Amino acid sequence: MTFIKPYLIRLSHCDATGQVFYPNYFHIFNALVEDWFYEAIEVPFDGFLMERGLSLPTVKLETTFSAPCRMGEIVDFWLTVTHMGRSSLRFSMGVSKDGVDRVRMHRVAVCVSQKTHAAVALPQDVREKIQAFMVG
Amino acid sequence: MTFIKPYLIRLSHCDATGQVFYPNYFHIFNALVEDWFYEAIEVPFDGFLMERGLSLPTVKLETTFSAPCRMGEIVDFWLTVTHMGRSSLRFSMGVSKDGVDRVRMHRVAVCVSQKTHAAVALPQDVREKIQAFMVG
Amino acid sequence: MTFIKPYLIRLSHCDATGQVFYPNYFHIFNALVEDWFYEAIEVPFDGFLMERGLSLPTVKLETTFSAPCRMGEIVDFWLTVTHMGRSSLRFSMGVSKDGVDRVRMHRVAVCVSQKTHAAVALPQDVREKIQAFMVG
Amino acid sequence: MTFIKPYLIRLSHCDATGQVFYPNYFHIFNALVEDWFYEAIEVPFDGFLMERGLSLPTVKLETTFSAPCRMGEIVDFWLTVTHMGRSSLRFSMGVSKDGVDRVRMHRVAVCVSQKTHAAVALPQDVREKIQAFMVG
């Protein structure tokens, strides 16, 4: 199953060339993960971090940029979960418009305790909701 | 040859976990590339973009995050050029402290005309300066 | 007339204290102005900048921060136009939730030609649409 | 006494007009305050936040932008402390080059406990160091 959401490319995403400055793609991808938490698996991301004391840092990223995005465009950001381990999650993510890829990313993230900085198992309720999302 | 520069991890780089928010690493890596232009190969990066009408967009990134950076740390960002094609550049970049890797990145960038959006050859003077940097 | 839009406070807006890092309020206020262009006065902001060669830089800001915003909150950002001159616009803007002010801002902006960097008259069609917005 | 530090205007500070996007001035002003902590009054800003559990949120800002800054410029950012209360600090800050003002800001900040969110007295050692800075 794929979570898809359109985002407006804003002035603040673009650099002096008028196109998205590549670090800002990761800010929007992070917004997408937040929105996936709130809207798709319905786990409040703020509670995940601030109340449960967990975080989901990135350990590996592979990103291919095949076409630029320009200010004023509304483009689709999409996310799938390709693997869930005890504490790790693999995401495929991308940006596309009219069926044409602009950006494609593989991201591995790990659930970590903010206290110990060590990997911990994903909470059972979160696992179940991600599992349900994966099967669609 | 390796270009190394220490950067202070600032409040604005960190998120609510007190550690660098991963998109902000790419902002600092971009600052490193700018500083490499100005200080190492001595090509003004602003002239490269604004006067020559070129840009150096990223086409591929592979990044591994092995340990976090915290606010107040001064860490080394480093850059080498591993390959120069007609219009492409391959960089190896990383973040380390006391000889221990925090982040490691491979980045492929391509020299592009801002007018045509097509790949163009790196200007001859820039090629020569990068070549001189690569041999050290 | 007031343009009001709810925005989610994201991880990327907050610093290590878990609250919005004040420079990020201005990023969201700028998103609000863009959304006001697209949605309220129906002037495409990208065309205003990229095709007409105009911009709307800020010349004066007065901002009062009376209560913090935290990650995960959805808060209302609002905007009114209090005065329109030949080339200048005065905005009152703010952030509130449940009728309580969090941030309040007065902003003066001027329509400028990107070529000459000089103030120019607001285009007639934009004036008329802003006038219509002001009377509601 | 005035704390002055030159900063390079980077690609990441500028928007599609090639000039500093105004919210990014506040990011640099915040970097200036951090550098003033570390270098001028020699109070580690990370310890102030992370170990002492304090923060210094902004309660009031007045900013005038009189001339733009462009990518590649190195401009002076400066800071003075105009008043120190029990828990409040008033800063005058600005950006200038060759003696000409680009930006001028008055900022009121208050020392706050991150636990109670209430204003608290500035720690005595910090007061003394700021007092010493003020008299020069």
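Note that the chains take the letters A, B, C and D in the order they are written out, and that residue 1 is the start of every chain.
Keep this in mind: a contact is a pair of C-beta atoms (placed from the backbone, for glycine too) under 8 Å apart; a residue touches a chain by one contact, two chains touch by 3 or more.
Remember, it's a predicted structure, so these values are computed and weren't measured experimentally.
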Note, CA centroid farthest from chain D's centroid sits on chain A
Higher-contact pair (C-beta pairs counted), B-D versus A-D: B-D
Mean-CA-position distance for chain B and chain A (Å): 23
Chain B and chain D: spacing of chain centres that average the CA atoms, whole Å: 28
Suppose each chain is reduced to the average of its Cα coordinates; what separation in Å results between chain A and chain D? 33
Quick check on chain C: which residues sit in contact with 2+ other chains? 11-12, 16-18, 21, 23, 27, 30, 49-50, 71
Touching chain A in the complex: which residues of chain D? 11-12, 14-18, 21, 23, 71
For the complex, give me every residue of chain B touching chain D. 8, 10-12, 18, 27, 30-31, 34, 38, 44-47, 49-50, 70-72
Residue ranges of chain D in contact with chain C within the complex: 16-17, 19, 21-24, 26-27, 30, 49-50, 55, 57-66, 68, 114, 117
